[in-house]
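My questions will all concern the structure given below.
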């Protein structure tokens, strides 16, 4: 009798748990740091809009943020042609938008057509190459579509990770969602309210419909201190990206809230101005254009200290242009640049530099002194510069730190070239080297140390140009990687960019969230939103 | 010829910026060595006339027209610099209240020094002159006194300092604008005596401006009555008292019933000025305290 | 009151002496980074602990005091002198001049100064030593801080210009120039010294704000501004209260200055 009752209770509890799960309850809350500029997925250029697109948009293929491999989504399979110009998708059947409109190959065709149309001014069109009119879209059946672009595109399939398919039939246009959520309400300057898409196609292995969380409230909150306070109070469930100081602050209050997912894809780097006719003293340009000088400076910087002190160990000494977090493309043969002032000095001596009475002088007797500019108000960069100042002081180099507001900084490094060295960071949203074409090609706009060259000025820049072009014309990733590994080796050897650290991907996640698995790639904390659930729909912790 | 030219001959009209006429063709002459009393109520334009003579009426305070002649020389239209050189040397001014006319931030010595050096840039002269000036107004000429600030001396002493400053350069004409009305009656008497003495000793002509007919009558040779921007009556002191014609003068006279039977004569002004003055004069002076503000 | 004033003098002299002897008193330089002891609590080695980069806070406070206490008053003096000259001139000339200057001052105060300073910094050469950057910063503060005080000065001068003692001075034939210099200027001293005293802490704080824009004292040189900037987050303070020492010292010095200067005035 007693045993029977116990069994009954256990059964009851099990049933209740099941129903609770089946109800997929709860409201997840977190903050957007600005008002989303657009809800049109083809026009996204800011972080807030990107968040909304990630949560509401349905894509054909998706990069798994954890494995960094491409997975089928609305397309059950796809195939890229040998010449990397066209791609064919086989679409899933019987899929509907949040408003009930059916999803077919026509929607894919319409979306790609609009994205490539010059009058749309879609920021994504560039990645697919110019010549929108030449894009050829063939709808073979409601579930089959082939798109042919004007020119070969390396890594073509991965680019579709960002292309949310907009309905061509729905009267609600881009507000009809194919993704796990749809925009139910929006109050400008205050919040964006997302509701679970009842027609979302995905089901988990037990057959339950995803996503599990009923709604997401995105509060627009620019102030990070307030965001942190609300996290502490349990008013929000997650902070997607934290900086080191906030991370440690939150950790000291509640260590179970913070996640350090290891190095991110982003890097911090310093570089010298190598523009030949820059308004910089000729003898200094001579230093900056010497790879011995640049490499010696690189070796004289104690990267381990930068990572440990400036970022409280929430960063890793950078090895090269690609973060180790980029699992496929990182060149594993590269070794970290050793910190060795002795070797650095010997390398400088090869160029005729002499250390005398604590002052390094070049062959002509000029004391080695230069300025580094960085953006004002970024205390991590200011502190890195101050530490580099002391490091370089040890080999007799005097470094002057100048912090500038962002517009005048950009004007100096991109237009007037009126600077000596700069310290900034690179934010990498994607993984593919093709996204960095503009940075590595000597003709590129973002070839910061000496942009827009008519023809490569050095043999190593010429070699980078060749390797980057060669890899972009191949479709086999392994073959492409051979070329890109070479690029990474050259960059580390020639040190046009002196890579300092890769900041860690830091986030805060409430203990009431189940299934969270923060990663290095954006969006770090909610990339697997459809698998996340809440143990308590109301209060956090 | 010289004797026929008066020391000062004024014939001016003045109008405030708001269009109100302050002075309407006011004609006043002061002879050499003479004390002329200019009597009028507050608001009658007395101070405006004083400032007009000194060329200190600014554009802000109004417009002035007419003529001001000093020893036959026309002062109206002189350049500011020429006018400045006249001030303090030819014509000097003593204001009513030493409390506000002396600069509280400067020592007595410094103020005397400024007054002297305005017309004599030689630095070594001033101290001797300052001491002499203090002696001439019966003040101590000690270093201690020179080092005092206006807040550290009495009001009577302050008025004497003002007089010393004004008379350092022995001006031909001293304009005294209500110089005694801020003083108690004993000090008033002493200051009046001092004016008479300076007039005697240096032959300095004085234009003595006051609202108080009684006190004026004790030292002035002639009196002019200013009423509502016009000179309504003028004449020798005794004649005016004997036979005032204008109703306003009569009204003034009736307000101080114990009027001198005999106005002072030049000979006895020296020492027995006050001893001969009847009590009524003092009383009249006392009454004046209730309305001594002359519109500044 | 007298005791308080003595105390203020003692504080000021002690602070001045301490900062003058910074190199003797502090065991380490203001820039040396003890990288194994970052953000340390006070110890025998580091009396006020170390900052985020492991630099001795005590040394930074002493050197920073030397810079800020030395230069903020110089900048304040420059600003006050400009205010006296511009405000005094306009107030004395009066009329159209004063109205013109009031409009000018209002315009000047309306200008987006931070924005203009940013532009000014962007135009300065990059390779200036930290010491030069300090001088430029305080020089700019001094050159731009005159407008507020000038308005006060203009009003006082306008009142003094019409006062009886100035009339009396004119009546003895004093030149306008001497009147300004000998009669009006001495009476402005209390106003000017009050403005000066207001400006000193304002400039110390402005320097801190400019630092945020990259216009302040360049690393590694310390200043009160950069020390105060560390107090941005309340969080850091509760866990490390010794960081409040620079703020305490600043308040102590400013109050002492006010006490000492205020007393000079009344005795004058």
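Every chain is named by a letter (A, B and C) in the order it is written, and numbering of its residues begins at 1.
Everything that follows uses one rule, which is that contacts are C-beta pairs under 8 Å (C-beta built on N, C-alpha and C of every residue); 3 or more make two chains touch, one makes a residue touch a chain.
Just so you know, these numbers come straight off a predicted model, no measurement behind them.
Innermost chain of the displayed assembly, by C-alpha centre distance to the whole-protein C-alpha centre, is C.
Centroid distances built from C-alpha atoms place B farthest away from subunit C.
The geometric centre of subunit A is 91 Å away from that of subunit B, both derived from CA atoms. Once the centre of each chain is set as its mean CA position, subunit A and subunit C turn out to be 45 Å apart. Averaging Cα coordinates per chain places subunit B and subunit C 50 Å apart. Listed for subunit C are no residues, as none touches two or more other chains.
For subunit B, no residue reaches two or more other chains under the stated contact definition. Those residues of subunit A whose C-beta lies close enough to touch subunit C in the complex are 225, 249, 252, 305, 308-310, 369-371, 373, 375-377, 382-383, 385-387, 389-390, 400-405, 408, 411-412, 418-420. Residues of subunit C touching subunit B in their complex: 94-95, 163-165, 167-175, 178, 182-183, 186-187, 189. Remark: subunit B residues 54, 56, 59-60, 84-89, 92-93, 95, 97, 100-106, 110, 114-115, 117-119, 162, 165-166, 168-169, 296 touch subunit C in the complex.
The touching residues of subunit C, when paired with subunit A in their complex, are 31-33, 35, 38, 52-54, 118-119, 121-122, 126-130, 212-215, 218-220, 233, 235, 239.
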